[in-house]
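Take a look at the following structure, please.
Here the chain labels run A, B, C, D, E and F in written order, and each chain numbers its own residues starting at 1.
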Amino acid sequence: MEPWITSLITDTPQEGYELAIKLARMGVKYTQPDPDIRSKLRPVYENDADSLTLVSQVIAIHFQTVAAANNYWK
Amino acid sequence: MEPWITSLITDTPQEGYELAIKLARMGVKYTQPDPDIRSKLRPVYENDADSLTLVSQVIAIHFQTVAAANNYWK
Amino acid sequence: MEPWITSLITDTPQEGYELAIKLARMGVKYTQPDPDIRSKLRPVYENDADSLTLVSQVIAIHFQTVAAANNYWK
Amino acid sequence: MEPWITSLITDTPQEGYELAIKLARMGVKYTQPDPDIRSKLRPVYENDADSLTLVSQVIAIHFQTVAAANNYWK
Amino acid sequence: MEPWITSLITDTPQEGYELAIKLARMGVKYTQPDPDIRSKLRPVYENDADSLTLVSQVIAIHFQTVAAANNYWK
Amino acid sequence: MEPWITSLITDTPQEGYELAIKLARMGVKYTQPDPDIRSKLRPVYENDADSLTLVSQVIAIHFQTVAAANNYWK
(Lines give C-alpha, C1' and ligand atoms only; values in the text may rest on other atoms or scores of the structure.)
Protein backbone atom coordinates (compact mmCIF):
# COMPACT_ATOMS: atom_id res chain seq x y z
CA MET A 1 0.00 0.00 0.00
CA GLU A 2 1.32 3.41 -0.92
CA PRO A 3 1.66 6.05 1.80
CA TRP A 4 -1.76 7.48 2.63
CA ILE A 5 -1.37 8.82 6.15
CA THR A 6 1.57 10.46 7.86
CA SER A 7 -0.04 12.08 10.89
CA LEU A 8 -3.23 12.11 12.95
CA ILE A 9 -2.81 15.81 13.65
CA THR A 10 -5.16 18.17 11.83
CA ASP A 11 -5.72 21.90 11.99
CA THR A 12 -9.43 21.78 12.68
CA PRO A 13 -12.12 19.39 13.98
CA GLN A 14 -13.63 19.26 10.50
CA GLU A 15 -10.35 18.14 8.95
CA GLY A 16 -10.13 15.62 11.78
CA TYR A 17 -13.58 14.33 10.91
CA GLU A 18 -12.61 14.01 7.27
CA LEU A 19 -9.50 12.10 8.30
CA ALA A 20 -11.75 9.76 10.30
CA ILE A 21 -13.77 9.15 7.13
CA LYS A 22 -10.57 8.30 5.29
CA LEU A 23 -9.51 5.92 8.06
CA ALA A 24 -12.89 4.19 7.85
CA ARG A 25 -12.68 3.84 4.07
CA MET A 26 -9.14 2.49 4.19
CA GLY A 27 -10.32 -0.43 6.31
CA VAL A 28 -12.56 -1.42 3.42
CA LYS A 29 -9.87 -0.74 0.82
CA TYR A 30 -7.28 -2.93 2.56
CA THR A 31 -9.83 -5.75 2.89
CA GLN A 32 -11.19 -5.42 -0.66
CA PRO A 33 -8.36 -3.93 -2.77
CA ASP A 34 -10.19 -4.32 -6.10
CA PRO A 35 -11.60 -0.89 -7.07
CA ASP A 36 -14.12 -2.44 -9.47
CA ILE A 37 -15.72 -4.53 -6.76
CA ARG A 38 -15.77 -1.56 -4.39
CA SER A 39 -17.50 0.48 -7.08
CA LYS A 40 -20.15 -2.20 -7.46
CA LEU A 41 -20.75 -2.33 -3.72
CA ARG A 42 -21.07 1.43 -3.35
CA PRO A 43 -24.70 1.73 -4.57
CA VAL A 44 -25.62 -1.08 -2.17
CA TYR A 45 -24.64 0.65 1.04
CA GLU A 46 -25.31 4.17 -0.26
CA ASN A 47 -28.98 3.32 -0.60
CA ASP A 48 -29.48 1.39 2.61
CA ALA A 49 -30.22 3.28 5.80
CA ASP A 50 -28.65 0.74 8.15
CA SER A 51 -25.55 0.38 5.98
CA LEU A 52 -25.07 4.13 6.13
CA THR A 53 -25.49 4.11 9.89
CA LEU A 54 -22.87 1.36 10.14
CA VAL A 55 -20.45 3.41 8.06
CA SER A 56 -21.17 6.42 10.26
CA GLN A 57 -20.36 4.27 13.29
CA VAL A 58 -16.93 3.34 11.99
CA ILE A 59 -16.27 7.02 11.33
CA ALA A 60 -17.35 7.78 14.90
CA ILE A 61 -14.84 5.29 16.31
CA HIS A 62 -12.01 6.75 14.26
CA PHE A 63 -13.08 10.29 15.14
CA GLN A 64 -12.59 9.38 18.82
CA THR A 65 -8.99 8.47 17.99
CA VAL A 66 -8.31 11.55 15.87
CA ALA A 67 -9.93 13.88 18.41
CA ALA A 68 -7.84 12.42 21.24
CA ALA A 69 -4.70 12.74 19.11
CA ASN A 70 -5.45 16.43 18.67
CA ASN A 71 -6.32 16.93 22.32
CA TYR A 72 -9.82 17.75 21.09
CA TRP A 73 -8.46 20.87 19.30
CA LYS A 74 -8.48 22.76 22.56
CA MET B 1 -17.97 20.17 2.14
CA GLU B 2 -18.73 23.56 3.59
CA PRO B 3 -17.66 24.33 7.16
CA TRP B 4 -20.04 22.65 9.60
CA ILE B 5 -18.00 22.31 12.78
CA THR B 6 -15.40 24.59 14.28
CA SER B 7 -15.16 23.30 17.84
CA LEU B 8 -16.13 20.37 20.07
CA ILE B 9 -16.63 22.70 23.02
CA THR B 10 -20.21 23.39 24.08
CA ASP B 11 -21.73 25.31 26.95
CA THR B 12 -23.89 22.48 28.28
CA PRO B 13 -24.18 18.68 28.16
CA GLN B 14 -27.38 19.04 26.15
CA GLU B 15 -25.66 21.14 23.49
CA GLY B 16 -22.90 18.53 23.53
CA TYR B 17 -25.45 15.80 22.96
CA GLU B 18 -26.95 17.73 20.07
CA LEU B 19 -23.47 18.15 18.60
CA ALA B 20 -23.04 14.37 18.86
CA ILE B 21 -26.24 13.97 16.86
CA LYS B 22 -24.86 16.29 14.21
CA LEU B 23 -21.59 14.35 14.10
CA ALA B 24 -23.53 11.11 13.62
CA ARG B 25 -25.64 12.58 10.82
CA MET B 26 -22.63 14.03 9.03
CA GLY B 27 -21.17 10.52 8.71
CA VAL B 28 -24.23 9.62 6.66
CA LYS B 29 -24.18 12.88 4.73
CA TYR B 30 -20.54 12.48 3.66
CA THR B 31 -21.21 8.90 2.57
CA GLN B 32 -24.49 9.66 0.80
CA PRO B 33 -24.31 13.32 -0.29
CA ASP B 34 -27.56 13.23 -2.29
CA PRO B 35 -30.29 14.87 -0.16
CA ASP B 36 -33.07 13.22 -2.18
CA ILE B 37 -31.80 9.74 -1.43
CA ARG B 38 -31.33 10.60 2.23
CA SER B 39 -34.92 11.85 2.31
CA LYS B 40 -36.14 8.57 0.88
CA LEU B 41 -34.17 6.57 3.42
CA ARG B 42 -35.43 8.57 6.39
CA PRO B 43 -38.85 6.87 6.73
CA VAL B 44 -37.07 3.50 6.59
CA TYR B 45 -34.94 3.91 9.68
CA GLU B 46 -37.37 6.22 11.46
CA ASN B 47 -39.90 3.42 11.59
CA ASP B 48 -37.63 0.55 12.49
CA ALA B 49 -36.76 -0.06 16.12
CA ASP B 50 -33.33 -1.58 15.49
CA SER B 51 -32.39 1.13 13.00
CA LEU B 52 -33.19 3.76 15.60
CA THR B 53 -31.13 1.92 18.20
CA LEU B 54 -28.22 1.80 15.76
CA VAL B 55 -28.48 5.54 15.18
CA SER B 56 -28.60 6.07 18.92
CA GLN B 57 -25.42 3.99 19.22
CA VAL B 58 -23.51 6.21 16.82
CA ILE B 59 -24.69 9.24 18.79
CA ALA B 60 -23.44 7.55 21.98
CA ILE B 61 -19.98 7.05 20.52
CA HIS B 62 -19.75 10.68 19.44
CA PHE B 63 -21.12 11.83 22.78
CA GLN B 64 -18.16 10.08 24.46
CA THR B 65 -15.85 12.21 22.34
CA VAL B 66 -17.70 15.47 22.92
CA ALA B 67 -18.03 14.82 26.67
CA ALA B 68 -14.29 14.12 26.97
CA ALA B 69 -13.51 17.27 24.97
CA ASN B 70 -15.54 19.29 27.46
CA ASN B 71 -14.03 17.53 30.47
CA TYR B 72 -17.55 16.28 31.13
CA TRP B 73 -18.75 19.86 31.77
CA LYS B 74 -17.34 19.70 35.28
CA MET C 1 -35.99 20.18 22.38
CA GLU C 2 -36.74 21.24 25.94
CA PRO C 3 -34.00 20.97 28.56
CA TRP C 4 -33.60 17.33 29.60
CA ILE C 5 -30.05 17.14 30.95
CA THR C 6 -28.02 19.68 32.87
CA SER C 7 -25.20 17.56 34.26
CA LEU C 8 -23.52 14.17 33.92
CA ILE C 9 -22.78 14.10 37.65
CA THR C 10 -24.88 11.74 39.76
CA ASP C 11 -24.80 10.78 43.40
CA THR C 12 -24.54 7.03 42.88
CA PRO C 13 -23.58 4.49 40.20
CA GLN C 14 -27.21 3.43 39.95
CA GLU C 15 -28.36 6.97 39.21
CA GLY C 16 -25.52 7.13 36.69
CA TYR C 17 -26.77 3.96 35.06
CA GLU C 18 -30.28 5.38 34.87
CA LEU C 19 -28.88 8.54 33.30
CA ALA C 20 -27.16 6.32 30.72
CA ILE C 21 -30.55 4.78 29.94
CA LYS C 22 -32.01 8.26 29.46
CA LEU C 23 -29.12 9.21 27.17
CA ALA C 24 -29.73 6.09 25.08
CA ARG C 25 -33.45 6.78 24.80
CA MET C 26 -32.93 10.42 23.85
CA GLY C 27 -30.94 9.29 20.80
CA VAL C 28 -34.07 7.55 19.60
CA LYS C 29 -36.34 10.43 20.58
CA TYR C 30 -34.31 13.01 18.67
CA THR C 31 -34.28 10.76 15.59
CA GLN C 32 -37.96 9.81 15.79
CA PRO C 33 -39.72 12.69 17.60
CA ASP C 34 -43.24 11.31 17.07
CA PRO C 35 -44.36 9.67 20.34
CA ASP C 36 -47.05 7.63 18.56
CA ILE C 37 -44.54 5.95 16.29
CA ARG C 38 -42.19 5.31 19.19
CA SER C 39 -45.09 3.70 21.06
CA LYS C 40 -45.77 1.40 18.13
CA LEU C 41 -42.12 0.40 17.90
CA ARG C 42 -41.81 -0.38 21.60
CA PRO C 43 -43.46 -3.84 21.51
CA VAL C 44 -41.18 -4.74 18.60
CA TYR C 45 -37.88 -4.34 20.39
CA GLU C 46 -39.24 -5.23 23.81
CA ASN C 47 -40.01 -8.72 22.57
CA ASP C 48 -36.89 -9.39 20.58
CA ALA C 49 -33.80 -10.69 22.32
CA ASP C 50 -31.28 -9.14 19.96
CA SER C 51 -33.07 -5.78 19.96
CA LEU C 52 -32.87 -5.73 23.74
CA THR C 53 -29.18 -6.59 23.63
CA LEU C 54 -28.62 -3.74 21.17
CA VAL C 55 -30.41 -1.31 23.49
CA SER C 56 -28.30 -2.61 26.37
CA GLN C 57 -25.19 -1.94 24.29
CA VAL C 58 -26.08 1.71 23.75
CA ILE C 59 -26.67 2.03 27.49
CA ALA C 60 -23.25 0.48 28.09
CA ILE C 61 -21.55 3.04 25.87
CA HIS C 62 -23.26 5.93 27.65
CA PHE C 63 -22.51 4.36 31.03
CA GLN C 64 -18.80 4.54 30.15
CA THR C 65 -19.19 8.27 29.64
CA VAL C 66 -21.21 8.86 32.79
CA ALA C 67 -18.90 6.71 34.90
CA ALA C 68 -15.84 8.60 33.65
CA ALA C 69 -17.58 11.93 34.32
CA ASN C 70 -18.11 10.84 37.91
CA ASN C 71 -14.57 9.50 38.30
CA TYR C 72 -16.22 6.11 38.75
CA TRP C 73 -17.86 7.33 41.99
CA LYS C 74 -14.62 6.73 43.85
CA MET D 1 -36.05 0.04 40.48
CA GLU D 2 -34.69 -1.27 43.79
CA PRO D 3 -31.02 -0.69 44.61
CA TRP D 4 -28.88 -3.16 42.67
CA ILE D 5 -25.47 -1.50 42.50
CA THR D 6 -23.67 0.65 45.02
CA SER D 7 -20.11 0.61 43.73
CA LEU D 8 -18.02 -0.30 40.69
CA ILE D 9 -15.15 -1.39 42.92
CA THR D 10 -14.52 -5.12 43.21
CA ASP D 11 -11.86 -7.19 44.93
CA THR D 12 -10.78 -9.15 41.89
CA PRO D 13 -10.94 -9.02 38.07
CA GLN D 14 -13.30 -11.97 38.09
CA GLU D 15 -15.75 -10.20 40.38
CA GLY D 16 -15.36 -7.20 38.09
CA TYR D 17 -16.24 -9.34 35.11
CA GLU D 18 -19.29 -10.68 36.89
CA LEU D 19 -20.33 -7.12 37.70
CA ALA D 20 -20.01 -6.33 33.98
CA ILE D 21 -22.38 -9.21 33.28
CA LYS D 22 -24.85 -7.79 35.77
CA LEU D 23 -24.57 -4.34 34.18
CA ALA D 24 -25.26 -5.86 30.75
CA ARG D 25 -28.30 -7.75 32.02
CA MET D 26 -29.73 -4.72 33.80
CA GLY D 27 -29.86 -2.88 30.48
CA VAL D 28 -32.26 -5.55 29.28
CA LYS D 29 -34.18 -5.62 32.54
CA TYR D 30 -34.80 -1.87 32.55
CA THR D 31 -35.96 -2.01 28.93
CA GLN D 32 -38.11 -5.11 29.35
CA PRO D 33 -39.17 -5.20 33.02
CA ASP D 34 -41.55 -8.16 32.62
CA PRO D 35 -39.76 -11.29 33.93
CA ASP D 36 -42.09 -13.62 32.01
CA ILE D 37 -41.20 -12.09 28.68
CA ARG D 38 -37.49 -12.14 29.54
CA SER D 39 -37.84 -15.84 30.40
CA LYS D 40 -39.41 -16.52 27.03
CA LEU D 41 -36.64 -14.66 25.23
CA ARG D 42 -33.84 -16.46 27.05
CA PRO D 43 -33.93 -19.69 24.99
CA VAL D 44 -33.84 -17.56 21.84
CA TYR D 45 -30.52 -15.87 22.44
CA GLU D 46 -29.04 -18.74 24.45
CA ASN D 47 -29.21 -20.95 21.37
CA ASP D 48 -28.04 -18.48 18.77
CA ALA D 49 -24.32 -17.99 18.21
CA ASP D 50 -24.53 -14.37 17.07
CA SER D 51 -26.90 -13.45 19.90
CA LEU D 52 -24.42 -14.84 22.39
CA THR D 53 -21.60 -12.90 20.75
CA LEU D 54 -23.68 -9.73 20.97
CA VAL D 55 -24.29 -10.32 24.67
CA SER D 56 -20.57 -10.93 25.14
CA GLN D 57 -19.90 -7.62 23.42
CA VAL D 58 -22.07 -5.68 25.85
CA ILE D 59 -20.26 -7.39 28.71
CA ALA D 60 -16.94 -6.36 27.13
CA ILE D 61 -17.98 -2.71 27.02
CA HIS D 62 -19.03 -2.75 30.66
CA PHE D 63 -15.87 -4.62 31.62
CA GLN D 64 -13.86 -1.71 30.19
CA THR D 65 -15.69 0.59 32.59
CA VAL D 66 -15.34 -1.66 35.61
CA ALA D 67 -11.67 -2.35 34.91
CA ALA D 68 -10.92 1.37 34.60
CA ALA D 69 -12.82 2.04 37.83
CA ASN D 70 -10.59 -0.47 39.58
CA ASN D 71 -7.41 0.85 37.98
CA TYR D 72 -7.17 -2.55 36.32
CA TRP D 73 -6.71 -4.21 39.76
CA LYS D 74 -3.06 -3.22 39.72
CA MET E 1 -18.10 -20.14 38.35
CA GLU E 2 -14.65 -21.43 39.28
CA PRO E 3 -11.71 -19.00 39.27
CA TRP E 4 -10.61 -18.36 35.70
CA ILE E 5 -8.85 -14.99 35.88
CA THR E 6 -6.72 -13.46 38.58
CA SER E 7 -4.99 -10.62 36.76
CA LEU E 8 -5.11 -8.57 33.58
CA ILE E 9 -1.33 -8.28 33.54
CA THR E 10 0.53 -10.34 30.96
CA ASP E 11 4.17 -10.58 29.96
CA THR E 12 3.67 -9.87 26.28
CA PRO E 13 1.13 -8.32 23.87
CA GLN E 14 0.46 -11.76 22.43
CA GLU E 15 -0.43 -13.19 25.84
CA GLY E 16 -2.58 -10.11 26.32
CA TYR E 17 -4.35 -10.81 23.06
CA GLU E 18 -4.96 -14.39 24.11
CA LEU E 19 -6.37 -13.17 27.41
CA ALA E 20 -8.72 -10.93 25.41
CA ILE E 21 -9.89 -14.02 23.53
CA LYS E 22 -10.54 -15.77 26.84
CA LEU E 23 -12.48 -12.75 28.13
CA ALA E 24 -14.61 -12.77 24.97
CA ARG E 25 -15.33 -16.49 25.28
CA MET E 26 -16.23 -16.24 28.94
CA GLY E 27 -19.02 -13.81 28.08
CA VAL E 28 -20.58 -16.57 26.03
CA LYS E 29 -19.87 -19.23 28.65
CA TYR E 30 -21.55 -17.28 31.45
CA THR E 31 -24.58 -16.64 29.24
CA GLN E 32 -24.81 -20.19 27.89
CA PRO E 33 -23.23 -22.45 30.54
CA ASP E 34 -24.19 -25.72 28.82
CA PRO E 35 -21.08 -27.05 27.02
CA ASP E 36 -23.17 -29.27 24.73
CA ILE E 37 -25.12 -26.34 23.36
CA ARG E 38 -21.95 -24.30 22.94
CA SER E 39 -20.43 -27.21 21.00
CA LYS E 40 -23.43 -27.28 18.69
CA LEU E 41 -23.22 -23.56 18.08
CA ARG E 42 -19.50 -23.59 17.31
CA PRO E 43 -19.78 -24.84 13.68
CA VAL E 44 -22.41 -22.15 13.07
CA TYR E 45 -20.23 -19.15 13.80
CA GLU E 46 -16.98 -20.80 12.74
CA ASN E 47 -18.30 -21.03 9.19
CA ASP E 48 -19.91 -17.65 8.89
CA ALA E 49 -17.80 -14.66 7.89
CA ASP E 50 -19.86 -12.06 9.73
CA SER E 51 -20.07 -14.19 12.87
CA LEU E 52 -16.29 -14.44 12.90
CA THR E 53 -15.97 -10.70 12.44
CA LEU E 54 -18.34 -10.16 15.36
CA VAL E 55 -16.26 -12.45 17.56
CA SER E 56 -13.14 -10.59 16.46
CA GLN E 57 -14.84 -7.34 17.48
CA VAL E 58 -15.48 -8.55 21.02
CA ILE E 59 -11.85 -9.61 21.24
CA ALA E 60 -10.83 -6.13 20.04
CA ILE E 61 -12.85 -4.46 22.81
CA HIS E 62 -11.28 -6.68 25.47
CA PHE E 63 -7.84 -6.16 23.97
CA GLN E 64 -8.28 -2.42 24.54
CA THR E 65 -8.83 -3.15 28.22
CA VAL E 66 -5.95 -5.58 28.56
CA ALA E 67 -3.56 -3.31 26.65
CA ALA E 68 -4.45 -0.34 28.86
CA ALA E 69 -4.00 -2.50 31.97
CA ASN E 70 -0.49 -3.33 30.80
CA ASN E 71 0.29 0.27 29.84
CA TYR E 72 0.57 -1.05 26.29
CA TRP E 73 3.59 -3.19 27.30
CA LYS E 74 5.82 -0.15 27.03
CA MET F 1 -0.05 -20.18 18.12
CA GLU F 2 3.38 -19.09 16.94
CA PRO F 3 4.65 -15.63 17.87
CA TRP F 4 2.94 -13.03 15.69
CA ILE F 5 3.19 -9.83 17.71
CA THR F 6 5.90 -8.55 20.00
CA SER F 7 5.05 -4.88 20.35
CA LEU F 8 2.28 -2.36 19.71
CA ILE F 9 4.84 0.32 18.92
CA THR F 10 5.21 1.30 15.27
CA ASP F 11 7.22 3.96 13.49
CA THR F 12 4.34 5.59 11.68
CA PRO F 13 0.53 5.89 11.83
CA GLN F 14 0.29 3.87 8.64
CA GLU F 15 2.27 0.98 10.12
CA GLY F 16 0.03 1.30 13.16
CA TYR F 17 -3.03 1.03 10.96
CA GLU F 18 -1.62 -2.05 9.29
CA LEU F 19 -0.94 -3.56 12.71
CA ALA F 20 -4.59 -2.89 13.57
CA ILE F 21 -5.59 -4.84 10.46
CA LYS F 22 -3.42 -7.72 11.60
CA LEU F 23 -4.96 -7.62 15.07
CA ALA F 24 -8.43 -7.74 13.52
CA ARG F 25 -7.53 -10.69 11.31
CA MET F 26 -5.93 -12.64 14.14
CA GLY F 27 -9.25 -12.59 15.99
CA VAL F 28 -10.73 -14.51 13.10
CA LYS F 29 -7.71 -16.80 12.78
CA TYR F 30 -7.79 -17.81 16.44
CA THR F 31 -11.52 -18.51 16.22
CA GLN F 32 -11.34 -20.34 12.88
CA PRO F 33 -7.84 -21.81 12.64
CA ASP F 34 -8.52 -23.80 9.46
CA PRO F 35 -7.00 -21.85 6.52
CA ASP F 36 -9.19 -23.69 3.99
CA ILE F 37 -12.38 -22.57 5.65
CA ARG F 38 -11.09 -19.01 5.98
CA SER F 39 -10.26 -19.05 2.26
CA LYS F 40 -13.80 -20.14 1.45
CA LEU F 41 -15.26 -17.39 3.60
CA ARG F 42 -13.12 -14.64 2.10
CA PRO F 43 -15.18 -14.13 -1.10
CA VAL F 44 -18.30 -13.91 1.07
CA TYR F 45 -17.29 -10.88 3.11
CA GLU F 46 -15.11 -9.36 0.38
CA ASN F 47 -18.19 -8.91 -1.80
CA ASP F 48 -20.63 -7.71 0.80
CA ALA F 49 -20.75 -4.04 1.68
CA ASP F 50 -21.91 -4.50 5.27
CA SER F 51 -19.39 -7.27 5.91
CA LEU F 52 -16.62 -4.97 4.78
CA THR F 53 -17.91 -2.19 7.02
CA LEU F 54 -17.94 -4.62 9.94
CA VAL F 55 -14.34 -5.59 9.25
CA SER F 56 -13.44 -1.91 9.02
CA GLN F 57 -15.07 -1.40 12.42
CA VAL F 58 -12.91 -4.04 14.09
CA ILE F 59 -9.86 -2.40 12.54
CA ALA F 60 -11.04 0.95 13.94
CA ILE F 61 -11.27 -0.46 17.46
CA HIS F 62 -7.78 -1.92 17.26
CA PHE F 63 -6.45 1.30 15.73
CA GLN F 64 -7.65 3.13 18.85
CA THR F 65 -5.49 0.79 20.92
CA VAL F 66 -2.43 1.02 18.70
CA ALA F 67 -2.70 4.81 18.40
CA ALA F 68 -2.92 5.19 22.18
CA ALA F 69 0.06 2.85 22.62
CA ASN F 70 2.07 5.13 20.34
CA ASN F 71 0.84 8.30 22.02
CA TYR F 72 -0.76 9.10 18.68
CA TRP F 73 2.71 9.34 17.06
CA LYS F 74 3.10 12.85 18.43
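In the analysis below, contacts are C-beta pairs under 8 Å (C-beta built on N, C-alpha and C of every residue); 3 or more make two chains touch, one makes a residue touch a chain.
Not measured: the values here are computed from a predicted model.
Chemist: Please decide if copies chain E and chain F contact each other with the same set of residue positions, more than half shared, or with different positions, and reply same or different.
Modeler: different
Chemist: Just the number, please: Cα centre separation of chain B and chain D in whole Å.
Modeler: From the centre of chain B to the centre of chain D is 27 Å.
Chemist: Centroid from C-alpha atoms only, then distance chain D to chain E, rounded to Å. What do you get?
Modeler: So the centre of chain D lies 15 Å away from the centre of chain E.
Chemist: Give, as an integer number of Å, the spacing between the C-alpha centres of chain E and chain B.
Modeler: One centre to the other, that is 31 Å.
Chemist: Residues of chain E touching 2+ other chains?
Modeler: Residue numbers touching two or more other chains: 45, 48, 50, 54-55, 57, 61, 64, 68.
Chemist: So what shape is it, when you link every pair of chains that touch: line, ring, star, complete or other?
Modeler: Here the contact pattern is a ring, one closed loop where every chain has two partners.
Chemist: Touch as defined at the top gives a ring of chains. Read it off for me starting with chain A, then chain F, then onward.
Modeler: Result for the ring walk from chain A toward chain F: A, F, E, D, C, B.
Chemist: Can you list the chain F residues touching chain A in their complex?
Modeler: It is residues 12-14, 17-18, 21, 45-50, 52-57, 59-61, 63-64, 67-68, 72-74 of chain F that touch chain A.
Chemist: In the complex of these two chains, what residues of chain D are touching chain C?
Modeler: 1, 3-9, 23-28, 30-32, 37, 41-42, 44-45, 48, 50-51, 54-55, 57-58, 61-62, 64-65, 68-69
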